[in-house]
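So, here's a batch of structures to check.
Below are two complexes that have chain A in common, paired first with chain B and then with chain C.
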Partner chain A sequence: MDGKRKMFISGGIIGLIATILMKFGNPGNMGFCIACFYRDIAGALGLHRAPVVQYIRPEIIGFIFGAFIIAIAKGDFKPRGGSSPFIRFFLGFFLVIGALMFLGCPLRMILRLANGDLNALTGLIGYLVGIFVGIQFLKKGYTLGRSTEQAKISGYITPAIALVLLIFLLVKPAFIFFSTEGPGSMAAPIALSLIAGIIVGIVLQRSRICTAGGFRDAMLIRDYHFLWGILGIFLVNLIANLVLNFQSFNLGFVGQPIAHNSHLWNFLGMVLAGICSVLLGGCPVRQTILASEGDTDAGITILGVIVGAAFAHNFGLASSGEGPTTNGKIAVIIGLIVVLTTAYSIVKQANQIRYEKKEGVNNA
Partner chain B sequence: MPKIVDARGRSCPEPVIMTKNALESNPDEPIQVLVDSQVAVENITRFATGKGYTVDREKDGEEYILNIRK
Partner chain C sequence: MEEYCVVTFHITQHALMFEKVMKELEYPVKLMPVPRQISSSCGTAAKIPCEKKEEILKLCNERQLPTEGFYKIEHKKKRSWF
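Right, the complex of A and B next:
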């Protein structure tokens, strides 16, 4: 099977499963949303106390199990890390601040668009602009440095966390919070969500689909390989929604589930998410898969996402259906300044080192 | 002796960018790229073959050596 077709089918499986999860109870246009799901997990663990968004999403646990198992089977599992973990933590932190301004990770952005939510088009334009900005830093020598092999045990931490979360989900101890109303209370049955997550985790690990990578490679090296995967998610999700969720299909800007139509902030939120995704080397869903393969830098990024999501609700930064908050707008601006300053500083230092090396050669 | 590009431990898409820069600076010279992940092998192979180069891969323990030439 040629690469493009394989990519399209891989994306298609993800798009189809997203529709099924929505059909069986997940919130509107939220078959998958990596930012929202980590936010719900943060809430379930009591890291934030917004009562409407607290649930241990089995899809995330499934992603991790699926990717972990297939990575071991295929020899991709490799404990590694040490590539600027602290910077990655904050890139993850601000990525989710941007995503929760828009109300969705890049994957949910595609799913929102495939169910007619045109606000996601504004988000997509923002995401593309963010990716374009990130690429300019890459071209100028931006790097977070090499990762190196790590102790074997470090690679098992992410799957172990997933296992603990699964136990909490099934046992429901008193210290875990579960929403009784709002998006956090809307969920497909646990077994279905878990199995769906495992399948998608396997597909994502094998195909290496990344929403940022797809657009980035198209712009940077004119490689459209991963874009076929994104197209597969979009088209199959669109068709499956029209067949299975026709009553909820709604083309337009208003009355969209868990969305707002403040165009400027949908745009800017996803600019921030796009820059962070490129600077990290992958979008939130890709970071989740990498973490499951033993990449501890991606694991730290996920922790940044979870902590960022908790702050987003504790400090009133996350948008709601009513629109963005003033605090959220300030946080997105701060996020843009922080990540641009960080990237600029890294590029400047990298070029300084290169220049000094050249000088050294010339003087020798 | 071909030019060696050491892209081991670099996160996506840096290995491809490093390969691209090396090929663009000397389009007809063979280069050798060192990587340590299967994903980097796939991405570099797809990029270089798309540009009309041939790519031979050798596996050296946990690492890969990609020989890229016209």
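Right, the complex of A and C next:
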């Protein structure tokens, strides 16, 4: 089977499963939403106290288990890290601030679009602009440095966290919060979500599908390999929605579930998410998969995402169906300044070092 | 059986520098995602004809083009889904 078809089918499986999860109870256009799911987990753990978005999403646990198991089986499991973890933490932090301004990670953006929500088109344009900006830094020599091999145990931390979350989900101790209303209360049955997550985790680990990588490669090196995966997610999800969730299909900007139509802020939120994704080398879903196969830098990024999501609700930064908040707008602007400054500073330093090295060679 | 070789890099910029120099020297080079057989990462690699390996590696050395590794990719006819 050729690469393109394989990618398309891999994406298609994800798109199909997203429709099924929505059919069986997940919130509107939220078969999967990595940013929202980590936000719900942050809420369930009491890191924020927004009562409508607290749930330990089994899909995330499934992603981690699926990717971890297949990585072990196929020899991809390699504990590694040490590539600017602190910077990655904050890139993850601001990525989720941008995503919660828009109300969805890049994956949910595609799913929203596939169910007729045209606000996701504004978000997509923002995401593409963000990726374009990020690419300019890559071209100029941006890097977070190499990661090196780490102790084996470090690679088991992410799957161990997933296991603890699963126990919390099943045992439901009193200190874990579960929404009784709002999006946090809407969920497919635990077993279905978990199995769906495991399947998608396996598919994502094998295919390496990444929303940021797909658009980045198309723009940077004119390679469309990963873009076929994104297309698969979109098209299969669209068709499956029309067949299975026809009553919820709604083409337009208004009346969309868990969305708002403040175009400027949908755009800017996803610009921020796009820049962060390229600078991190992958969107939130990709970070989750990398963390599961032993990449502790991706693990730190996810912690940044969870902490960022908690702050987003504690400080009133996350948008709601009514629209963005003033605090959220300020946070997105700050996020843009912080990540652009960080990337600029890295590029400047990298070029300085290269220049000095060349000088050294010439003088020798 | 299709066979080709790839050069991998530590950072994207190195791949772009490599492509630029090779194109100037009229080598057939194409940037692509790192093949799945090599790595589970999704960085950028450069596809080159295997028979030019020695020439190209020598050139990289002379021109101080930083590379990470060199791999030969063989496509087996029967490939599993994974």
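The rule is simple: the second predicted complex is superposed on the first by the 364 of 364 C-alpha atoms of A that agree within 3 Å, B and C clash if a C-alpha of one lies under 4 Å from a C-alpha of the other, contacts with A are read in each partner's own complex, and residues count from 1 in each chain.
In the analysis below, a contact is a pair of C-beta atoms (placed from the backbone, for glycine too) under 8 Å apart; a residue touches a chain by one contact, two chains touch by 3 or more.
What you see is a predicted model; the values in this text were computed from it and never measured.
After superposition onto chain A, partners chain B and chain C are found to clash with each other.
Of the two partner chains placed by superposition, only chain C is touched by A:Arg206; chain B is not. In the superposition on chain A, A:Asp76 contacts both chain B and chain C.
In the superposed model, A:Asp297 makes contact with chain B only, not with chain C. Of the two partner chains placed by the overlay, chain B and chain C both lie in contact with A:Thr143.
In the superposed model, A:Gly282 lies in contact with both chain B and chain C. Of the two partner chains, chain B and chain C are each touched by A:Ile221.
When the two complexes are laid over each other on chain A, chain A has residues 76, 138-139, 143, 146, 208, 210, 213, 217, 220-221, 223, 225, 281-282 in contact with both chain B and chain C. By the touch criterion stated above, chain C contacts chain A in their complex at residues 10-13, 15-16, 31-33, 36, 40-44, 64, 79, 81-82. By the touch criterion given at the top, residues 8-14, 16-17, 20, 36-39, 42, 46-47, 50, 62 of chain B touch chain A in their complex. Within the complex formed with chain C, the residues of chain A that make contact are 1, 6, 70-71, 74, 76, 138-143, 146, 205-206, 208, 210, 213, 217, 220-223, 225-226, 281-282, 286, 293, 361. Taken in their complex, chain A has these residues touching chain B: 3, 75-76, 78, 80, 83, 138-139, 143-149, 208, 210, 213, 216-217, 220-221, 223, 225, 280-282, 297.
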